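Consider the two complexes below, in which chain A is the common component and chain B and chain C are the respective partners.
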Partner chain A sequence: MIKTAPTENAVTAPRVIGAVTSRIKGSGPFFWILPAALCVVVIFGYSIVDLVQQSFKYQGAWVGLDNFRLVLTDPLFHIAIFHNFLLLFTVPILAILSFLCAVLLFETRRGMKFYRSAVFLPYILPIPVVGVVFGQLLQLNGALNSALRALGFHSLALDWLGDPGQALWTMSAIIIWKEVGFGTILILARLISLPLETLEAARIDGAGFFRLHLKITLPQLKPVILFYIINEAIVMVSWVFNYVYVMTNGQGGPGNATVVSELYIYRSAFQNKSPELAATAALLLLLATLVFIVGFLKIQKNSNSGNSHE
Partner chain B sequence: MITGSLKTQEQFLKSPWSIPTHLSFGGYKAAWNDQFPTWFRNSLLVTLVAVALTVIMAATAAWGFSHWKWKGRDSVLGILISLMVVPPVVLLIPLFTLGARLGWISTFRMLILVYVGLMLPFSIYLLTNFFRAIPASLMEAAEIDGASDIRTFTAIVLPLSGPPLITLAVVNLLWAWNELLLALVFLQSDEKKTLMVGITGFQSRYSLSIPTIMAGMTIATIPLVIVYIFGQRYFITGLTAGSVKGE
Partner chain C sequence: MKNRSKAFVAGCMVAALLSTLSFTNASASVSLKKAFPTGPVTLTMWWWGDQEAPGAKLWVADTVKAYKVKHPNVTIKTVLQTTDGLVPAFAAAAAAKKGPDLQYFWGGIYAQQPGWDGQIAAVSDYIPATELKHYVNASTEESFQGKIWTAPWYLNPSFPVLARTDVLSKYGLKVPTTWKDLLNTCDVLSAKGVPALAGGVKDGWFGGWLYSILGAQSVSSSKDVVAAVTGTQKFTDPMHADWWTRLQETQQHKCWNTDINSLELYQAQQLWKDGKAAMTVVAGPDAPNFANAVGASKVVVMAMPKWGNGPFAGKMGSTSQTIGITKWSKNKEVAADFLMFSHEKAQLDNWFVRTGSMPADDRFDLNGVKDPVKKALFQSAMPGGPYLENFIPAQLDTDAVFANVQLVLKGTKTGKQAAADMQALMERLRKTDRNLVKNFTAWSK
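On to the complex of A and B.
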């Protein structure tokens, strides 16, 4: 018995060594994915677990649903959510504008590249820069109003960012100005890749500009426009912090006229020092975006299967 | 913005829209004499390191996703895609507590780690799609010739992947350079601020000198415009790749 054991080992050992070397040579996927996986798990996995935990606690003690009760009854949270909701109205405007821009660029024979760059430029500009520059232009005595006054439109020279009834709409206009470039590029890229035959056939049959694009182009662009709509909806619900922070010096003012859910979270955590409430609000925001994420995944899947049929 | 930066305050107040008659670089001097050089350097450091790490890690991971078939691979990719749309503000509080526990607040490594984590899902997704399109026969040939996985990757896959790697770098460079919220929270000491955080506070400090503000904004935008001009083609492919595959 004692003698057989070593011989068994001697037989199996080379096999083990062989397996190890072949594993190093044919390293297998996990070795390659590991660094990235670690990073993603720390940033997303840890955070989301910790977020859920924090939202049920107060200063380390378990408080059940108290945080949720506090956040959901906070009038400021309602205001913030309502503002995000209002911002969602920019999404259809963005979709229509981008479609129009894309079609117009598509029909432009000369200088398309130049116009495309011009439409797209705002999208790459840093939001802090955009915010500061517009903030200056739109002051009560800023460049826009002095131009309006010089042209005689005194009644149009509004206090664009200082008037609580006005500030959120001014901000939406700036967001539209910046985001429309993204949609235009997306739709235009798809438009260029469409088969030309149907368009030409319709044109020969005498379809006018509007009919042509409404009946022929638009249906074919549906997936990409839908993708853009969902993408922008996510932006309006959860990525507008930068605009608001920069243009209102981090206050969401005038008054609370431009407080959005992200700013609410930021302020709860870092100005009011109640990270638990911020975590709760963040969790609610995550759940809200989850709805959009599901839609996003569905479109992704559809476009994939659509491509495999082609 | 650029015309505004080249005027003096009096000129600007008199005629904000006109083209400056004689150039005044006072705004630039004032902006540059402030902490602009430090902020600029910080932004450059954080952005370059984060993007380099992301591209390397995403490339190896994408290789792991595309070269081998393993159980649960598609579900993992599905989760990755949905992570692309998780808003950063959701991660802010847990990561801040983590950073505070580690004593990493106001360190570049914390911000870089967060940036890398946030950029990875999109990056892996983009590269996986690309690697899958590389003909399998190339890889098989290499394997028959006895090349290891590492050699197949470095000698065949990477040299073929120039354009998508540049695309990825350009898209991520612009994102990291423009990012405000996380930089604001994780880099709190004044000498560690990035350019975007710097100029946000800059506005209130120089509210009396519009040319200085405009000069600062111009400085902050120049690197982007350079990257954009050289990488426009790649940038557009990168953005559209997220929406409709296989174009």
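On to the complex of A and C.
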């Protein structure tokens, strides 16, 4: 027994080395992405660890859940979160508009390049430019209302950004105008890559425009539309700061009508000099965003497994 | 024995002489802790002010150039900040302990808070008291337990109401001097579609101005405001809340331009310049420029019409905009020397020449000011009433004052509701900022 052991080892050793080598070979891609992965881990990992630490401290001293209690009982934080929630309603509108625009562009024969550029242009405009232009355009006595009054639509000349009841919806409309280009191009790119045979077959079978795109095109675009929906949901929860900041001079006004969670975090950290409360709110926002990210990953997984079954 | 006592007396005299000499030199030696460096020194100054004192940019360039002539080894880089970015940019710099050596601060709480947070060094540690005593408002707004945080730079009479007699007389009106007159003026002009007052609150800042010029009329001193901050008084007490009702009255009497919520302050002031509004409120340093732009003979510069019975009713407030030295600066002595240089006669006179406003220094010769509008304005601010906005936490200003002024002027909130909201936020701030009560209490002593 004692003697056989070294013999066994001698026999199995090359196998083990072979297995390790093949594992290393198999994990080649992981080595390739290692530098980038390390960057992500160091930059985001450090930030998140620091964020978590700060959210449990006040000026360096441990305060337990005190910061969470203060943030979660802050009426302004509730308002900010509610506004983010309301902005989520723009996501289905964005998805529908993007799909419609993509289909129309797909069906357009003449001037397609021009229309594509026109739809995509708002997306590539810098948000500060958009903010300043719309800020001027939408003043109570600005260009839009002057035009409406000149056309006799006096009742439609509203205080778009100055009325607390309308400011958030006005901002939503601007966000839709700007973000729809991204969705359109995304969906159009997928649409162009679809096999034309199915569309032609449906046309020969007598499918009209709406039936064709609702029954044939839409199901094939499902993964890319879902990706866009998740992406825009993340935008609405944690990426609308620029719009609000530029259009309300960093105030989230009038009153608190356009305060969103990111602005709350920014103001806590840099205006109100409460980095701990900002860290706490940021951590809560991160958790909320994670829900969408997990949702996205699940959808992607399901979509991949669906494709592999096909 | 006699020799001993003689020696003792002589010793005492020498000691007394030395201590006297050291006392008289103490203040002068504050800034001379280190010998002035001979090697290259670079200072960075982040500043604001050209927005309310046009011409400040030229003065800064002149002064930096003159200082370079005096100290060729010192280079000063200047960065003009935006209004909305001034506070956040410095907060980010302070967190990184990197950025400017010299930083611009509005007076009062805007200078106190960075001091309390350990972001700036007290200028009184580097500038002699004999010098600092000439800096207007340093002792009222920037002092904290015997120290002076920042050095006043220029004076801000806060805030003059400018009335255009040509616009008023067109509708048979005179410049209103009482609150009743003002509301009557609003009624007459609004019936004609002309705003009596031009203002813009989209960017919020004007809300703080309105609080200061209306709210100051019912308090007896800045200590009342600090008392409401620390909790011994309330912002719902009539002394602190009545101004909200007056503000609501201006909304009800349609005093303001209808687009006040969608315009920034500087955009709205243009309405007054264009003759589309009878009155407006401007930054003190900029008032002479506004008056000259439309013709000084057509303009009356005055305090907000009186509604209250407090000692500051009908009077102008006074604040000084300041420069501080950051804690992380490696050349604090040089920074302080530059600040003192900026208060030398040549620079004080040049400030007036470049901007038409008054430097925050009582050595500035008012006899040289010939323009009666400017002279009256400067005199009104020395000493003026407290500028209330500078005595409340900055967050209370932005979250309660700015936000509620927008809502009251839109007519979606009453003055009473706004006061209650301000009080509720103050109570909350005492919990979130655990040092607030301690700091404000210490400041008020």
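Things to note:
As a convention for this text, the second predicted complex is superposed on the first by the 255 of 310 C-alpha atoms of A that agree within 3 Å, B and C clash if a C-alpha of one lies under 4 Å from a C-alpha of the other, contacts with A are read in each partner's own complex, and residues count from 1 in each chain.
As a convention for this text, a contact is a pair of C-beta atoms (placed from the backbone, for glycine too) under 8 Å apart; a residue touches a chain by one contact, two chains touch by 3 or more.
Values in this document were obtained by computation on a predicted structure and should not be read as measured data.
In the superposition on chain A, contact is made by A:249 with both chain B and chain C.
Of the two partner chains placed by superposition, A:208 touches none, neither chain B nor chain C.
Once the two complexes are overlaid on the shared chain, A:111 sits clear of chain B and of chain C alike.
Here chain B and chain C are compared by how many residues of chain A each touches, and B touches more.
In the superposition on chain A, contact of A:271 is made with chain C only, not with chain B. Contacts of A:64 after superposition on the shared chain: neither chain B nor chain C is touched. In the superposition on chain A, A:159 makes contact with chain C only, not with chain B. By the touch criterion defined above, A:129 reaches chain B but does not reach chain C.
In the superposition on chain A, the residues of chain A contacting both chain B and chain C are 142, 249, 266, 269-270, 275.
Within the complex, the chain C residues that touch chain A are 84, 87-88, 91-92, 95, 113, 117, 201-204, 258-264, 394-395, 398-399, 402-404, 406-407, 410, 412-413, 428, 431-435. Of all residues in chain A, only 58-59, 70, 74, 76, 138-142, 159-165, 248-251, 253-256, 266-267, 269-275, 277 touch chain C in the complex they form. Against chain A, the residues of chain B that register as touching in their complex are 1, 4, 16-17, 57-58, 60-61, 63-65, 67-68, 70, 73, 78, 80-83, 85-87, 89-98, 113-114, 116-118, 120-121, 124, 148-150, 174, 177-178, 180-181, 184-185, 196-197, 199-200, 202-204, 210, 213-214, 217, 220-221, 224, 228, 232, 235-236, 239-240, 243-247.
Chain contact summary for the complex, chain A toward chain B: residues 25-33, 35-37, 39-40, 42-44, 46-48, 50-51, 54, 117, 120-121, 124-129, 131-133, 135-136, 142-143, 146-147, 182, 185-186, 189-190, 193, 223-224, 227-228, 231, 234, 237-239, 241-242, 245-246, 249, 262, 265-266, 269-270, 275, 278-279, 282-283, 285-286, 289, 292-293, 296-297, 300, 303-304, 307, 310.
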